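Structure record follows, encoded as structure tokens.
Every chain is named by a letter (A, B and C) in the order it is written, and numbering of its residues begins at 1.
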Amino acid sequence: MQGRSESIFRGGLNLAAAAMVVLLLAVFVTLLVNSLPSMKEMGWRFLYGRTWDPVSGTFGALPFLLGTLLTSFLALLISLPFSLSIAIFLGEYLKGGFISSLLRNAIELLAGIPSVIYGFWGLFVLVPLIRGLEMKLGVTPYGVGIFAASVILSIMVIPFSASLAREVISLVPADLKEAAYSLGATRLEVVWKVVLPYARSGIFAGILLALGRALGETMAVTMVIGNANFLPKSIFSPSNTMASVIANEFTEATETLYLSSLVEIGLLLLVVTTIVNIIGKYIIRKQTVEV
Amino acid sequence: MESPVLRIENFNAHFGDNQILKDISLSFPRNKVIAIMGPSGCGKTTLVRCINRMHELTAGARASGRIYLDDENLYSMNPIVVRRKIGMVFQKPNPFPTMSIYDNTVAGYKLNGIRMGRGELDRIVEESLKKSALWEEVNGSLHRKGTFLSGGQQQRLCIARALAMNPEILLLDEPTSALDPKATSHIEELIGELKDTVTIILVTHNIAQAARVSDYTAFLFLGELIEYGPTDKLFTVPEDKRTEEYLTGKFG
Amino acid sequence: MSQVGVTGRVIKDYSFRGVIIVLCLLSILPLLLILIYIVKQGISSVNWGFLTRLPRPVGEAGGGISNALIGSILLIVIACLCSVPVGIFAGVYLSEYRRGRLAYLVRLSVEVLQGTPSIVIGIIAYLWIVIRVGSFSAFSGGIALGIMMLPVIVKTTEETLRLIPHHLKEASLALGVPYYKTILKVIVPAGLSGIITGILISVARIAGETAPLLFTAFGSPFMNFNVFKPINSLPLLIFNYATSPYAEWHSLAWGASFVLVVFVLALNLFARMVARRWKVQF
């Protein structure tokens, strides 16, 4: 009798575990199957087609690929000095204490704010500012566009790269740093020439994870990117990312090819995000094993 | 020896490809304290874990041979029944952190879903805590969590927990190695008192403790039973040269 | 080495430290700006009426967010019901079976699921449920949110249970308690604070999610308790109102943002308190 409860329990554990794997497989299969109509119709043209016109039935995803790439990389670029500073400050200069935990909590709070609220704030505060900037620069003052989305995105990804980089930096062995100090190096030199190179791969993993986050971010981007389906001409152009075009158009996609194209974009997004995340996690795992 | 309470016959134990116990045969007399001693890695912990069938819970562990409790072969019984008849106390005191002292003492019943009246449980708690010489100290605070006690008290709580199941045999795996000298002597005193009600098998790497506390001693080395006999005899005129070398500190 | 050279390096050192500190402060500037802005814009809208009234059509004064509040709560409940049991069991599995093919695959699946963009999960819930059933529903939204909760619950459960010392399990087994009862009555209770923290954190995360609800729960101007009909939620309301052209709706959205931020922050704080207070000592 005991044996039966025992096997039911173990069976339940195995079932739950298998369910996780099945869930993931089902996700990929569903996306694949539902992308097939679009894949069959357009093949590889989908990836380099410049026109996205549901009315005429042309679905080229290049504008969104570019939009995604531009916003994500620009966001990473903008956020890098900030995340690195936080990481160096918390991992090297001020590891403990009140100010340190205050800063750490503030960064965690940044990560906890819902994306739609970032978008809301971006729309009402950031976009007018950017509009003003654009007028000064003599560019069409849309306000919304790739630049706005990149700025919002950069704020949102700071916590991700910062916390990982901080951990890696704080784990740099003390004796390495002491060796450098004993040779007469200043703090800056130790950080720049010993700590950062040692923590290099961990920092890179943090950047990858931040990239993964940026790629998949939807709401804030949707609200400030301007919802335009043509190729962006500059960083001030309105545009769309893979995520935002899905958000904007999915409910209007009534016919099969349209829906299938959007699903295919979703599949593409998932594949790219997964690869970036897996590489990032792989680097982290190698790092922890080595350390 | 009149009818031994536990008989081990031709017992072998493995971990993967390593053989830990080699053809052990041993008889334990009733209501006595038997010490099992030997250098690290000799297999003494594995031996007692085979007695209450905990050894087989580790992946890659195998055992063969027979162990008889009175006249029943432990290896043909349900291991859960075996573990209820044989109690075990571990090296590091491990009271359940989410339970009170009261609940810890009768944990064997509660966790197994054995229902008892409140009066019956009270009686068992008092009896077990008295047997393990802890009653006086915790009587007023039975509802407090077990982890608030000192190391020595926690260990006595674990002993009470094991005794509450009324086992025939109590296995003590280096019960005092994590305790300070004062707590250690308390436990050793306790062992002397307990043997009237239960047979005690004590694993220890402390030779002096084995000499102080036990009636019989078994000396294990590299998985083999080297010598076994009444303690005073084994310690004064050991038969095997290796026993003598161990006792005089030449190794271990 | 000349004195000038050393002084130059020292100056660089101090300026570096200064730059770092300035950049750190600038990083939390957006946080302060956003929070202050939300409080300023939103707090005037929030009153009891705001929380208990339904949204009004444009032009009519005095709307509320009651349906969004109820909707958010309902969605959270559905998500928890779907994800908590499976998540905890999978987490227990991973903590008990450290090695092996299935364990490796489960860990991989959890990692990939965690990194999946929320809008993709919305697509999945749409394709699995909304199309089959024929309408948007709270149920599909709850499923989408539940899928997002799963990875965090599995991971925190596994990590919490891993930290429980091995000898606790041994003590229970040595008393003759069968394996499954040992897990259910000793190990999981000992790790309860960590597990609950994981649940609270994932709830805080999905409470603010909009993307997966865009085409599952879809939103609604009405109060709705039927899980098979469309339902509103706080983030959805904020999105719809913020992107509308009406000023009254904008202020409603600010009020809703205030409520949402307070809710999410409170949950996070609560989760951290649970982790600290309720932690079981070994």
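Basically, contacts are C-beta pairs under 8 Å (C-beta built on N, C-alpha and C of every residue); 3 or more make two chains touch, one makes a residue touch a chain.
It should be emphasised that the depicted structure is a prediction, and the values quoted were computed from it without experimental measurement.
Asks: Compute the centre of every chain as the mean of its C-alpha atoms, then state which one is farthest from the centre of chain C.
Replies: Max centre-to-centre separation from chain C belongs to B.
Asks: By C-alpha centroids, what is the most central chain here?
Replies: C
Asks: Count the touching C-beta pairs: is A-C or B-C ahead?
Replies: Of A-C and B-C, it is A-C that has more C-beta pairs in contact.
Asks: From the C-alpha centre of chain A to that of chain B, how far is it in Å?
Replies: 57
Asks: Please compute the C-alpha centroid of chain A, do the same for chain C, then give the distance between them in whole Å.
Replies: Here the centre of chain C sits 17 Å away from the centre of chain A.
Asks: Can you check how far apart chain B and chain C are, centre to centre, with Cα atoms defining each centre and the answer in Å?
Replies: 48
Asks: Of all the residues in chain A, which ones touch at least 2 other chains?
Replies: Expected reply: 2.
Asks: In chain C, which residues are in touch with two or more of the other chains?
Replies: Residues 178.
Asks: Among the residues of chain B, which ones contact at least 2 other chains?
Replies: 80
Asks: Please name which positions on chain A make contact with chain C in the complex.
Replies: 2, 5-6, 8-10, 12-21, 23-24, 27, 30-31, 34, 81-83, 85-86, 88-89, 93, 103, 106-110, 112-121, 123-125, 155, 158, 162, 186-189, 191, 212, 215-219, 223, 243, 246-247, 250-251, 262-263, 266, 269-270, 273-274, 276-278, 281
Asks: Would you pull the chain C residues touching chain B in the complex into a rising list?
Replies: Residues 165, 167-168, 170-178, 181-182, 185-186, 189-190, 192, 280-282 of chain C touch chain B in their complex.
Asks: Considering only the defined contacts, which chain B positions touch chain C in the complex?
Replies: 52, 54, 57, 80-85, 87-88, 90, 92, 94-98, 107-108, 111-113, 147, 158, 161-162, 165
Asks: So in the complex, the part of chain C that touches chain A is made up of which residues?
Replies: Residues 9-10, 12-13, 16-17, 19-21, 23-24, 26-28, 30-31, 33-34, 37-38, 85-87, 89-90, 92-94, 96-97, 102-103, 105-106, 109-124, 126-128, 147, 150, 154, 178-180, 183-184, 204-205, 207-211, 214-215, 218, 235, 238-239, 242-243, 250, 253-254, 257, 260-261, 264-265, 268 of chain C touch chain A in their complex.
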